[in-house]
Every structure is written in C-alpha cells, then in structure tokens.
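Right, I'll just put the structure down here and ask away after.
Think of it as A, B, C and D in the order they're written, each chain with its own count starting at 1.
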Amino acid sequence: MAVRAAVAGASGYAGGEVLRLLLGHPEVEIGTLTGNSHAGRRLGELQPHLLPLADRVLDETTPEALAGHDVVFLALPHGHSAAVAEQLGPDVLVVDLGADFRLRNPADWERFYGSPHAGTWPYGLPELPGARAALEGSKRIAVPGCYPTAASLALAPAYAASLIEPEAVIVAASGTSGAGKSPKPHLLGSEVMGSMSPYGVGGGHRHTPEMIQNLSAAAGEPVTVSFTPTLAPMSRGILATCSARARDGVTADAVRAAYAKAYADEPFVHLLPEGQWPATAAVYGSNAVQLQVAYDPAAHRVVAISAIDNLTKGTAGGAVQSMNIALGLPEETGLSTIGVAP
Amino acid sequence: MAVRAAVAGASGYAGGEVLRLLLGHPEVEIGTLTGNSHAGRRLGELQPHLLPLADRVLDETTPEALAGHDVVFLALPHGHSAAVAEQLGPDVLVVDLGADFRLRNPADWERFYGSPHAGTWPYGLPELPGARAALEGSKRIAVPGCYPTAASLALAPAYAASLIEPEAVIVAASGTSGAGKSPKPHLLGSEVMGSMSPYGVGGGHRHTPEMIQNLSAAAGEPVTVSFTPTLAPMSRGILATCSARARDGVTADAVRAAYAKAYADEPFVHLLPEGQWPATAAVYGSNAVQLQVAYDPAAHRVVAISAIDNLTKGTAGGAVQSMNIALGLPEETGLSTIGVAP
Amino acid sequence: MAVRAAVAGASGYAGGEVLRLLLGHPEVEIGTLTGNSHAGRRLGELQPHLLPLADRVLDETTPEALAGHDVVFLALPHGHSAAVAEQLGPDVLVVDLGADFRLRNPADWERFYGSPHAGTWPYGLPELPGARAALEGSKRIAVPGCYPTAASLALAPAYAASLIEPEAVIVAASGTSGAGKSPKPHLLGSEVMGSMSPYGVGGGHRHTPEMIQNLSAAAGEPVTVSFTPTLAPMSRGILATCSARARDGVTADAVRAAYAKAYADEPFVHLLPEGQWPATAAVYGSNAVQLQVAYDPAAHRVVAISAIDNLTKGTAGGAVQSMNIALGLPEETGLSTIGVAP
Amino acid sequence: MAVRAAVAGASGYAGGEVLRLLLGHPEVEIGTLTGNSHAGRRLGELQPHLLPLADRVLDETTPEALAGHDVVFLALPHGHSAAVAEQLGPDVLVVDLGADFRLRNPADWERFYGSPHAGTWPYGLPELPGARAALEGSKRIAVPGCYPTAASLALAPAYAASLIEPEAVIVAASGTSGAGKSPKPHLLGSEVMGSMSPYGVGGGHRHTPEMIQNLSAAAGEPVTVSFTPTLAPMSRGILATCSARARDGVTADAVRAAYAKAYADEPFVHLLPEGQWPATAAVYGSNAVQLQVAYDPAAHRVVAISAIDNLTKGTAGGAVQSMNIALGLPEETGLSTIGVAP
C-alpha cells in the first residue's frame, strides 16, 4: 500500500526537488501540492522539468488541503512550519525542510532568527552518530541545512576520533539554488555568472550554530566554527573545504583510517580513493556525498573536502532518506548515488 | 532474465550516459566496458559520477571482450563501428551511437565523411513515421545524431501535414558535451564560458544530410536545410529553432492541430501548452523532448522550437529507447521524462 | 573644455555601462547620476565595478538634477524619456538608450508598446546608410536596440547589394544583461545557468519592427523578419544568426565583396577572414562587431552571423559612438575594439 | 619616445592579457610577438579579441626576434625564462610572468618544481612592504603568482600589525584561465561548467611557498599556510578567503584600522566599506583588488577576503604595474580600476 505524500511549498526549489525524487520513489504516491503565492496555477508552468505532474494545480497551504496524507513535506520559509505541523496531528510524518526544528538550543535560534524557538525534532542526518536510531519510527524530522550536511559529514569522523582541535575553519561554495527562487538582484544570472562572492562572513550565517551543534556532539566538547559561505556560478552543488589543526601525533594513515571506518557501511557517503578529489559535478542530482581527506604536515592541519548536491543530499534527498528510515523502508529507496554528468 | 549489455567507448560522454541510464534500467545487467586509450583504468577516475561502477576496470575494445552479451553499445569515433559490429555476429543487438549507419545515400556519407559508406541500419528515432516498426526485433540500430533528433522532431509534423515549404532554416544551440571529451583548445572552459559561437556554417556540418533525409521523408519531397549549429556555454542541452515558410492558407490552428495529433501518443515528446516555450534546463538528464510551435503571420513562417538533452534523448536515451523496442520491452523502461532542474 | 554628461538611470545595466565607457572618455566629465528607486544610495553599492565613482550618491531624476549638462544619457524604462527630454531644452544633447524614439511609424510603436508614439529621433547606428550624416550636430539621438544592432549590421550589406530576398530569418542568442537588472524569477542565475530558452517567438518581440525598419531601408523595399530571440547562459553578448534566400545568380564571391566593401572604412565593424567565425567572447566589453558571411549553395541561402557585446556596441558603446559624431569628436574617442577574453 | 615591448608567449592567456593592456598603454609600442608552437600564425586566429593586432604574425622565441626592445615580457612555461633572459642582456627590462624567479629559497624551488633554482628577482607586488623600492629602476621583475597576489594582499596587513597568529588558512576559488590554454580533459567546458573542485590539496600547490615567503616577511616570523585552491566555473577571477586565529586582545576596530592604514595610498587596493563584500565580477578585466576584513569573535579569527582578476592584477596587470615602476612611469599608466560588469 502506497505511502501518500503531500508537499507544501511545491513551487520552490526545495519542494520541486522533493517532487522529483518522490516521482521515482516506488512506495510513494504524490498527493496534494500547495504553494500560497502560486495557488491555482499549473505545476507545469512553475516546474516545467516535472512533466508527469505538469497538469497538477497548486492548492493553498491549509490544514484541509494537507489532511489525509501519511507524510507531509514542508518546504516553507522559516518560522512557518510549527503552525502547520500542529494542525497535522501526531500520526502524520512531518518532514520539515526548513530550519525551525534543527537547533537544540533556543538561545541559538533566537539569536540567529530573532523569533521564539519552536522546538527540536529528530535530526535528519542519519550518518551522524546516534542520528539514525532517533529517526526510526519518528513522526517528526528536521532536515539539516545544506551547508551543515556537507561540513558535518566532512569533519565529524575527525572529531569523533579526536584527531583535530576544536576550532574548525569551513569555507564552502554553493550553487545559487541554495538561495531559493525568490527573485533578488544579487541572484540574477547577470550577477552570478562569472562571479564568486562571499556572504554572511564572520559568523553571521544561520547555518553556523547548526554546524557547531553537530561538530561539538561529534567531538564531545565545544567546537568553534569559522564559516564562510560563498556563492558560486552554478545552479547546484556545495563544495565544502573544512580543516582544523591536527592534534599532536596524528598521522595521515590515522586520518584516513578514521574516515574509512566511519563511512564503511554508509550507502551515500563515499570516501574517494587517495589522490582523487571530489567535484560537485559528480554528485549532480544524486544523493551521494563524495569526500576526501588529507593531512598537511607542513601546516599541521587535517583538510577534509566534501561535495554534495545542495538540493538533493543537502535538502530533498536527505529528507527522503530520513523519511525512509522513519517509515521503516530500506534507506536507499528512491534515491541514487549516480550523478548527472558532464 | 537480465539482458546483458556491453559498452564500447565507456570513458567518453556518450558511453558514460549510456551507463548512467543502464544503471537505472531494471532489465539490464552491465557487462564489459571498454575504452582503448584508457584500458586498464578504473571507471571511477574517468566517470566519477557513476559511483556504482567506480571499481570497474576498462578493457580494450576486442571481439573477445565484447563477446557473450545480448546487447553491445558502440560509442566510438565515426568509421570504427562497422569492423566491430561484423565480429559480433548477427544475433547480438548492436546499437551504434556513431554516425556510420545513419545515412541511406552512400554519396552523402562519402561527401561528408570522406570514406566508404558502411551501410544503413534501422534508424533509432521511433517518433518518425515508420521508424518504430523498423526497430521492432531488429538486431542493428543506428542512433540518430543529437541535432537531427531535435530538428527532425520539431519540423516533421509540419512537413507530414504539408503545412510548410521545403526549405527549412534550423539554428540550434548545443551544450559542449556534444563535442565530446577529447580536449581541444576551443572547448576549454575558459573559451566557452560566457561565449556563443557558431561552427560548420553554410552547410558544412555532418548532421545536415541526416536532417535532409528525415525531413524529406516526412515531406514526401526533397527538402533543403540551412543548418547553423552554435556552441552554448552549458554542458548539456540542445535548443533547436526551426522554421520554414508557411504554405498558403495555413492557419495557427491547423499548425497546432498537426503537432498535437502527431505526438498525442508519444511518451517522450511533449507539446507544451500555448504560450509556454521550452528551455533546455527542463529536460536536463531526461529523455523528454519539450516542443512548441507558432505561426507568425507577419513573416508567414511556422516556427517550431524543441529542447532536448543532447546526451539523453539526443544520444544515449534515444539508444536505450530504441533498444527497448528492438528487444520487445516497454518503450519507456529505464527512461524518464523528469529533468534535473534548476 | 570637457563635455559635461549626466546619466539618468545610473543604477541599471545600461546606465552602468555608459558610466564605464565615459570614465575612459578623455573629453567627458561625469556630472549628475540619477536613479529614482535608488536615490540617496552610493554608487559603490550598486555598481561596485565602477570604483572611481564609488562615493557618488544617486539623485532623483528631476529637471533640476539634470540641468547644467552638455549631454544627458537617458537609461530609463520605455515611455519615460519624452517627458524628461522636453524639460532639458533644445541645446542639450539627449541620448536616449530606450526605445521611445527609434521607430518612424507611429502605428508600429502603438502596436508593440501600447501607448502614444513620442516621435522619431536620428538613429544611432552610424554604419547604416545615411545614418552618420543624420547624427552630425544632432541634439537628439535614439540609440538602437541591441538585437537590431546585431541583426541590421549582419544583413544590411546583402540587402543594399540586392543579394537576398526580402524575407529574413533571424535567430539570436543574448546574454541575460539584455533583460535588465529588475529581478524576475526566470532571470535568476539558478534558472539561466545551463539553459537556453526562447521568448517572444513568432513576431512578438519589440525589436522586430526596428529590424524591419532598418532592413527595409537597406533593401529599398519591404522586408519581412522572422525573429526568434533566445536567452543564453552568459551575462553579455549577442550572437545573431541571420539568413535569407539568395537571389538568383548570387555567388559566394559577390556576397563577400559586398560585405568587404560595406565595412571597409568602418572602425568598429570587422569582417573576419574567410573560415573564421565570430564568438561573443571576442567582443566582451568592446565596441566591435565581429562578422562573417557565407553562401550556402545547397540551401541557396546567404547566412551572416554577427557577434556584439549587447551592453557596449548594443547599447552604451553605440550611444557614446553616436554622441561623438553629434559633438564633432573623432568617432572612436573613448571606445575600443579590444575585448576582454578569455 | 615610446617604450618598445616584446611578448614571448603571445598565444597564451597571460601573453594575451599583457597585449590587451599594452594596447591601452600610452607609452608602449608593441614590437615582436612570439609563440613557439604557433609561430607563423596570425594573432587574429589565436587571440580574436585583440582586433588591432589581428594581422600580426607570431615569430619563434629566439634571441634575434626579441632583440631591439626596451622591455620583454616572458609568458613561458616555468623553467624556460632563465635561458631567454640571459640572452637579452642586462639593459633590457625583463618581466617574467612565470614562476622561475619568485622564490628566495632554492630549496623551496627544488622541492616544488624539481629542477635547479634559476635565481631571485625583485618581486612585482609593490603593495608589499619594501617591494616598491626594490622595483624602481630594476631591469628584472618576477611577477607574482595569481593566488599569492590575492592571498598576500589579504593577510599581509594583519601580519604586519601582529594581529593574527602565524598559521594561515587560505581557500581560494579561481577561474579556469589560471590553468592556462593547454587543452586538458579536466579543463573542458563540459567538465568545469556547473562544478567546483579542489586540487593540489594538503600543501601540494606550487604557490604555497610563495605565500609563505610573503606572509612570513610581513609577520617577521615564519608563517605556515594551509592552502586549498579550487577551480570555479568562470573564466576569470580569484576569490581568496583567508583567515588566522586572532591574537589575544585584538578588536574589530584594530583590524579595520590596520587595513585602512596599509592601503590608504594604494591606487589598486580598495578596502570596501564595512558590510560590503568583494565579488570577482566587480574586478573583471581590472587591475583592482577589492578587499574586506572582519573579526569573528565567536571563532576568534580574522577573516580577510580579496577579489582579483587572476589575469589582470594576478598576472599581466601586476606585470605592467611593476614595469611602470621600474621605468619610472606613473604607476597607474595604462591600468584601470574599472571592472567590466555585469
């Protein structure tokens, strides 16, 4: 019997990617699609790449429209998920692609978002220690941010194995879809093509506390994070260059062994052979994380670099993966490690 | 029982795309992979997006390596397919992604390729009149060129319905993957990013006789083609802008009706609603053709524009679609009309 | 004594490009800059590439702000130039980068713009027959549209020499800056990168009557134009592929001779050597037009392809070139034929 | 009396950019152009953007061809400059755009380049302490690498003012022109568009010792550098994200003051207003460095980010700037701080 899924916010990039993946999911039947500002319009106008759904018409995001589904994906602006989730009842699996339920510390939420904290849900990054178990059978899932997905998977094994000091430096390049579909001047094609630019420098990006939360948990002690996100001239993909000072006595072999062990059984995280470095093109449209790590003896740092598709593993793919776990389906169902390249 | 498929030329873009699609094909088991200049290397180095095949090692393209398969895909430079095909025997389905067996007229071949003509195989564009029947049960398939796929599907209905005069003007923009993976200075990222440029102008492109062949067959009379290919700053996709003078008495309604009828039952060709025009991003990685047509009364021309992914519907997807027909499998098996966007 | 120039609409792409060129113009002193929605802001925030003007603050577009200049460039939305121009007085050189004064036929204006026609000013494409003389000493200049610049220069010599029939087919690819800096969803980087898409197909684009006007004048008889503009994944540049049926008896030599003669003395139009085709990258940031033409005997068509920078020769460079003529300065002052490549 | 300049290696990206700038330099006359593999070819085929030099023909790189010039620019593969320079005599100003004479420590050279060290010339980054004086009147100039230019200018003020600890972390994104014009598979447009990828991770990049040299000199003590270069999908530009742990007691004001003071009189280095961050598009084709710095109190790090055009300030512009100093010309002659944007 099919799992019936609704998507609130189906006209945006995150919602569209959820639909792209659900269309290929053998256990899911796609139910209601909503999108407030575009209610009444055909999906074919808004998401022309989703041909099988071209004639679907968007509803308004109301409790009535979302009722009667087994799973509801919320791809809404931050701050809007709690109200919708409350009305859905405790038996519906609610998968929030927004930020509302990711942080454990209300003070972090309030500082970075300026509004009351809605709560904390099981965190949908099953590759982190303990995360998978918390997702099993859960009716609520907080899907991680795209940058925290890339950076946490890159550094967690080194922290878990006590190989690096608790001061991480993360510089990540993201495709523009991470900034959403709301038209803003700095996101125009004319502005982004041929240009790299940073933003939210110096600790201001809202994904920083989420990274600190994940890496501190892995390390078992507080970790500071210097995070610089940059906008790259591409639609999709995150390349996260992450490093920290090596602890004394660390060797290249120990580093590699820690990563190989951490991800040996993970279906979506792939440690590349030595000497090969990840490229975002190789994970385009896929749920894979391609990862490499090196120890630089001259600088005495461990450098780990991960490539993900920000919309797939970084958003919708991570959401579907966690949904599979929550529903007791095989974790890889409907997901792929095959990128669309070149 | 699985169909066992080999791919000769697995390190290039066409071969890589065949593999990407076969990995998702439920009836196919991937056998030998060959690639002469890269024999002995891991596929993971050459096609890092094909994670499930990362540890496969390329063989040399020999009859021994290719023996024992039900289907052999040939993704070789033109002129090399005939010799390989001969050695494979008449019971193996040979799908040639190269140009060798596309043209019916030996003189055309010799003029554009400068070598003796190898022959003519059933043509793998099932949406053309009569083509599907010729593919059923066939053991040999000539996969169309990417430009001819886009242009022929754009204009064939108008020719078949006698709506336009036999002088077609085709201007097409292609992503750079259509030019292959052999490094050449004009294909460097530094050269192509931020630039549009034409090539093979004035009748010189090798896909011209193939378009003439297809459109003349549809029209039932000789059609001339003025074809200008241009290189666009993108990896994938073809946008073909095709037009011809309308015959007297033609109306916008008659044009639309002819296209709607021609493609009503086609699973991969999608005539867009009036007013919506195709974009290559919407068919990225998919086997769909998105198509629109208009009648311009002031210029007295019919303008048809199609968008395809040059590597999918334009090459490997068309190949798999035709393989399905030849093998008696449902035509859509392993293929998708869903693009990866944005 | 310096020419004092004001720019109304200095925050947009056209206004910014005028300023980029004026900064390098030895006879011009940059005066007031206006921009209604951004009045009061530093130019450094809005046009960070114009470092020498970073501390300039934008004024509102009022007669007072624009008073006291020798030249006023209007880079305003269409329909706004007439009111501003009237207030500037007859002795000020007004250079309108908008569409308002380009068309001679009020009916064309009304049909494509839906408002009363403001009038017709001397047309700033000096390379067209008769145009240079009309600009000399003029106090009003209508700068051509970017597509009409590329297409008219590509086909005018063939029409002037009666080499082609009066039915032109023009397919042009443009960088996204041609669509302006107003944020709209389809212009987002996420949408345009990796995609080619047409718009205004079938005679609907507002540049069509301007092309018809120019080509008909060159031909001495009414010319129809089938024009398809496409949006290309690049910030700047237009590649215009233009063709028409050859008249009987036309030869490749006659075609080449006509173009060589037409542009022999033009400082900015460069007919490439035979066999070399233009690329937009080669004219990036320059006022040059790179052009090639061929006769295709099989299709019996003349194909002319031009590459320009839509913001330079297609907008601001054409404006400065015409200003030079109007002011009696050497035509090339402050302009360059050198592109920024790769 | 004009300075007569030759360019050896005129067919590559560095040589082409030198020519682009020299064409706009009022004191320079362009003499011989050489390019071994392309000797005998027209420059118009190889560098179609340099229209005024289109009919120049390349010579072989011989002492005879390069004789009789006041300045010779060497844009050659590393290891080739010493032999050419020796033959030019001590009175000719030799400006080497390659790496051969940048490093002071022969052991560094031998370790990273594997060949005997040719020597050390005055270093062409005049904004570094003491560098300008060493260039005045010099007949030999070693032009810095593009990454070291961006990174050294970003961090030198903080080191000179003792604000940060001697362990720098530098992650830089570069356009593909930095990798040159030699066609290699990973530099194909199909590979780089839509992709970010690192290379030379873990201390392996040849620009690392040059950065260490510059930053250690600024700090007055040995500085370690963790450098990760990444290839970005754009032709030009470097965005360098550079950070180090703040020393105790450092404040945001002290950091800003140090940078403001360091670059107050520099014509090409522009510290942006607080809150505005650099983008590579804003320096496209210009010799400017746009720079911003912040103190992140939570991570206790100073983060400085610079944007340059890798071919202009990072290569040819830096070369011309240093040439101006060596020849006693005003330093800004022929150079611009105006980018070509959008």
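We take it that a residue touches a chain if its C-beta (ideal position, glycine included) is under 8 Å from a C-beta of that chain, and two chains touch if they have at least 3 such contacts.
Keep in mind that what you see is a predicted model, and the values were worked out from it rather than measured.
Look at the CA centroids: the one farthest from the centroid of chain A belongs to C. Counting C-beta pairs in contact across C-D and across A-D gives the higher total for A-D. With centres taken as mean Cα positions, chain D sits 44 Å from chain B. Rounded to a whole number, the gap between the C-alpha centres of chain A and chain D is 37 angstrom.
Multi-chain contact residues of chain D (touching two or more other chains): 13, 175, 177, 181, 188, 190-191, 193-194, 233-236, 278-279, 281-282, 284, 342. Against chain D, in their complex, chain B makes its touches with residues 13, 175-177, 179, 181, 183-185, 187-194, 233-235. The touching residues of chain D, when paired with chain C in their complex, are 13, 16, 20, 23-24, 42, 44-45, 47-52, 54, 177, 181, 193-194, 235-236, 270, 272-273, 276, 278-279, 281-286, 288, 290, 336-342.
Per the touch definition, chain A reaches chain D in the complex via residues 167, 169, 171, 173, 175, 188, 190-191, 193-199, 201-203, 208, 224-228, 230, 232-237, 239, 241, 243, 245, 277-282, 284, 292, 294-301, 303, 305, 307, 342.
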